[in-house]
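Multiple structures are listed underneath, in structure tokens.
Shared chain: subunit A. Partners: subunit B in the first complex, subunit C in the second.
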Partner chain A sequence: MNPLGSLKYHLNVNLLGRSFLRFDRMRLTRRMRRVGFWKNEYLSPPLMTSPWLKELIASHYLKGRYANGHGPVAWVTSGGPVEFLVALGYYVLYPENHGAVCGIRRSAEDLCIMAEGHGYSRDICSYARTDFGAMLGGKTPVGRLPRPDLLLCCSNICQTVLLWYRVLAHHFKVPLILVETPFLYRDALPHQVDYVKRQLEAGVEVAEKVAGRSLTPSALGLVARRSKEASLLWAEIMTCGKQCPTPITAFDEFIHMAPIVEMRGEQFTVDYYRAMLAELKGRIEHKLGALKNEKKRILWDNLPIWYRMRRLSQLLAERGVAMVASTYTNAWGELAEMMDSSKPIESAARVYLHPILNRGTGHKLETIENMAREYQADGIILHSDRSCKPYSVGQMDQREKLAKEMNLAALLLEADHNDPRVYSDEQAENRLEAFLEVLGA
Partner chain B sequence: MSGGDVHALGIDAGSTTLKLVALDGQCSMLWHMLEPSQPRLEEQAKRMLQEASAKAGRELGEESIVATGYGRNLIPAGRRITEITCHARGAFAATGHGGTLVDIGGQDSKVIVIGQDGQVTNFVMNDKCAAGTGRFLEVAATRLDISLDELGRVALDSKGEVSISSTCTVFAESEIVSQLARGQPIEHIVRGLVRSLIRRVAALAKSAGISAPLMLSGGVAKNPAVREFLAQELSQAVELPNHPQLMGAYGAALLARADK
Partner chain C sequence: MDMSTGKITIPGRTETIRAHKARGGKVAAVFPIHYPRALLRACGILPVEVWGPPGMDTSQGDAHLQSYTCPIVRAGLTFLLQGGLEQVDLIVVPHACDSLQGFGSILLDFIKPAQPIVPFYLPRDSGEPARRFLVAEISRVLDELCEIDCKRPSSEEIAQAIEREERADSLLAELLAQAAQLPISDRDLYRVVRSREYLPSEEFKEAAKALLERKTEKARSGIPVLLSGIVPEPAGLFDAIAAAGGRVAGDDLCCSGRRLYPKGKGDDPLVRMADGLLSGPPDSTRGSVVDARLDHLMDLVRRHQARGIIFYSMKFCEPELFYLPQLQQGLQAAGIRSVVIESELDQHFPDQAVTRIEAFLENVK
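Presenting the complex of A and B:
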């Protein structure tokens, strides 16, 4: 930390930024209350908490912009055990979330091309290429990304991150904490939990050294409690999708999931999800669906297609098809019960071993089958994501089983979560329309 | 009601050909029209529909028309339905049973599993690549200076077969050039090309889960080598409906008739 850096941070973030973003949130909220604000024929108005979400995300990246010089910065994978970093006062950046922002804002393609120009193959995950492009060219729709002082990579989501974070470590010349999570075919065994726990303990030491401060049990306990509370709220938010009509679609969840991924452990994240849940309960009470006329219900498997979300959401809404849940957004809530803030490190070791991507394809199929029953789904779209092999492997068999054994209409939709060059509107929509005809929508 | 009166039209605007089928009140095919697709599809379809109205002896309103195929959104029709549903409906009506329909069109290949009541129970389409489609054979035929109609016979009569390893249309073309340069007989290359196409389609069919009997539709079905090789690769007899190329338009016309 240097005094000038901190002054700049407080001036831009706490004084100017916070006031501007709060004002903007109020302005947007007022606009949403105006009669005639919402003109979509098929979709209900967005949640009133949406401007708050916009404020949170903008504030997160604003803090990042001025973080260097004010406090330590860590870049982490989306499934990374982040609680001890938050407790140590790190500003935490998630390159995958940033990648999604670039995908939505249509700047991912240019960043991927930039990475490819430096020799990174098109076969590499498009999040990684987006991140490399931002790292190499410094361009980002969020203004500026802070330089990391520390990297934390957890292998519980894929193996690509192991190489991706080595590239980052080489480029930024900063320490890399690697948390290796053994793949699980059933629940974690005690020695597996112990193995991850010891890596976390070693990681804490590195993080303390980089931050220049010690981790206190009370600070870690507080962050772990908030993390659990937010995850429980997020899990409850997703269960609202079980209602008919559903007050929320998976498209909404893809957007509203940002805080649970990149702002875990913060009190404002808990506050935000509490307000969002209250609003959804209100919608349920008034039978207000996310779609104005819900006729069919489907699930989504895998990451979203960030650059086509609006188009796909509209296309489904026009046919009365509500996407009531997704395995992807579910992943950030399903382990909430497993969190134990009284044993933050051991519980983190257990929780971060169990994400859906660190378990067998049979477990994923079981998760989908349970979701199909609980959410009363008529069909499922399995996004075969060229960039996410661990998520896409097994989908052909899963599709067949879901169609035959559960009588679900099932579509395998080939695309890529962040690289629009892999996506063909004409072909994808033709398949989607045929699927909707099979669904009877 | 006269059996000769046109009651419904189905129009299939494919990437290679534009097909139109007219049905009578008993859902029998009265006549059809088939033309190569032109770049200005909208104008071509309008002209075709005018000709159809003239042939029918009366103006046919949009409510009597269902459009399908890639260009369906450009066609004035009461409803627009994907070729998956239309091909399934057409093949079911033409054969009288369900099963697995393999449709190899100009731009894509589809495998549609049809239930015993004619409903689509599953479908898969080729990925974003022309290798498993009619376009693959068109490109090869042009390069080898053989007409598309001859291609099947040449492949079947060939005593030898060259292995075409590439599954990409563009690279297959360069592979053809290399094979020609090595002095391989043209018929061996042709046989290898059809085999390559069918292997890809067979893999697609297996991924959908084949439910017997196996049926084939689409313009490529006219190629006898395609039929034979598909039967070999999937170890099943292949049933060909009458007018395999018209199954999409026929199904569309049946759906238009059902709407009435």
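Presenting the complex of A and C:
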């Protein structure tokens, strides 16, 4: 930390930025309350907490913009055990989330092209290419990304992230904490849990050294408690989708999941999800569905197609199809009960070993089957994501089983979560139309 | 394989499997890349590796795996579905990448072949926690092998198997190091080198020794290049290099050079096995540090006086593709030229790749 850096941080983030963002939130909230604000024929108005979400995300990237010089910065994978970093005062950036922001704002394609110009193949993950493009060209729709002092890679979402973070470590010349989570073909074995725990303990030492401070049990306990609380709230939010009509769709969840991914362990994340849940409960009470006329209910498997969210959302809404849940957003809530803030490291070892992506294809099928029953789904769209092999491999067999054994209408939709060049609107929508016909929508 | 100075016979995979089974042994089909070979041998199992095979019509596998999955995995699954692995008693699937991870998982959960599936996880780190984990992981594999009616070896038998495999590995290292002095084409040399993928180590050693005895003083002609990648398939690659006036001087292939494990340390045979596996050359599929990969490549180039590097990259192979730009950049800064040739495990080596190799060799000679 240097005094000038901290001064700049406080001035831009705490003084100017916070005031501006709070004002903007109030302005948007007022606008949403105006009669005639919402004109969509098929979709209900967005949640009133949406401006708050916008404020949180903008504030997160604003803090990042001025983080260097103010405190330590870590870049972390989305499934990474972030609690000890937050407790040590790190500003934490998630390149995958940043990639999603770039996807939504339609700047991912240019960033991918930038990375490809530096030799990165189109056959590697488009999140990674988006990140490399931003790293090499310095362009990002969020202003500026802070340079990392530390990298934390947890392989519980894919092996790709390890390769990606090796590239980052080479580029930035900073330490990389690797938390490997052996893939669980079956139930976790003691040596697998023990391996993750030992790596976490070793990782804490590295993070302490880089941050120049020690991790206190009370600070870690507090962050772990908040992390669990937010995860429980997030899980409860998603269960609202079980209501008919559902007050929230998976498209909403894709957007509202940002804090649970990149702001875990913070009190404002807990506060935000508590408010969001209260609003959803209010919608349930008033039978206000996310769609004005819900006729059919479907699930989504895999990452969203960030650059086509609005179009797909609208297309399904027009046909009265509510996407009531997704395996992807579910992943950030389903393990909440496993968290034990009184044993933060031991419990983290077990929790971070168990995400859906670190478990077998049969487990994912079971998860989908349970969700289909609980959410009363009529069908499922399995996004075959060229950029995410761990999520996609297995879908062809899963589709067969879901169709034959559960009589679910199941569509395999070929796309890429962040690279629009491999997505064809015409082809995808033709397939979607055929699927909707089968669904009876 | 006939050579001007003598004859070395290398049996094929099918013949080797038959002979081993006739002796009452079991056979494991092993997918790439790293696995405890000595453990399987100590249990009386002959590992026979499956690297594709190339040139398969993968439509049967494509009913389970998307087109953007690794070509080796898609070909391997098709081979399995077509009955190509009927003779084997078990299937070992090491965890080398997301494609192999998914492959192992769908075999266990959906395809469920007649043979037991034994997954194996090699840690990508090499510190003490990884070492401890790997010992436990090898021990788990041993238990699984015993559960499927393989004999449980004593510690001494495991130690002996390790020694046999270490000797075979050192002979493989010698073959690759002496390649320039061997009176044999690259295509034929790699028939011997790659027989390590399925021959019992005793037979491999005989073949390797016989070939090394033919060593000459004079180096073979041709522009020396380093070959880096996963697997040199189709073998027409060697013909293309030779036709363009080159020869393979150094090996950084996953199927051969990246599996030259040094002798492991430790009194306990499982610890020794784990140590050896974790001490192998830097490899993208093990998630090695980029600088370690770069230093290793530069060292190979220096040792073999190679004029450049051919990166023979497999389509959709993320472990290789992620590293390539920084490796090429580092090599360029060191004055070492390189070219990337992409392969899809076709039956025939594509003309476009031949042209790229010709152009590359013209520039480095």
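Here, the second predicted complex is superposed on the first by the 441 of 441 C-alpha atoms of A that agree within 3 Å, B and C clash if a C-alpha of one lies under 4 Å from a C-alpha of the other, contacts with A are read in each partner's own complex, and residues count from 1 in each chain.
Heads up, the rule we're going with is that a residue touches a chain if its C-beta (ideal position, glycine included) is under 8 Å from a C-beta of that chain, and two chains touch if they have at least 3 such contacts.
Everything numeric here is computed off the predicted structure, so don't read it as measured data.
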Which of subunit B and subunit C A:20 touches, first, second, both or neither: neither
Comparison of subunit B and subunit C by subunit A residues contacted: C
First, second, both or neither for A:437, with subunit B first and subunit C second: first
Subunit B versus subunit C as contact partner of A:124, first or second or both or neither: second
Partner chain in contact with A:199 - subunit B first, subunit C second, else both or neither: second
Touched partner set for A:42, first subunit B, second subunit C, both or neither: neither
Touched partner set for A:163, first subunit B, second subunit C, both or neither: second
First (subunit B), second (subunit C), both or neither touched by A:403: first
Contacts on subunit A seen with subunit B and repeated with subunit C across the two complexes: 396, 414
Touch list for subunit A against partner subunit C, complex: 118-121, 123-125, 128, 155, 158-160, 162-164, 166-167, 169-171, 178, 180, 182-183, 185-186, 189, 191-192, 194-195, 198-199, 202, 360-362, 365, 384, 386, 389-390, 392-397, 401, 414
Partner subunit A, residues of subunit B touching it in the complex: 70, 81-85, 108, 119-125, 127-128, 207, 209
Residues on subunit A engaged by subunit B in the complex (per definition of touch): 396, 400, 403-404, 410, 412, 414, 422, 424, 426-427, 430-431, 433-434, 437-438
Subunit A partner contacts - residues on subunit C that touch it in the complex: 63-66, 68-69, 95, 97-99, 101-106, 108-111, 119, 121, 123-125, 127-130, 132-133, 136-137, 140, 284, 287-291, 315-319, 321-326, 328-329
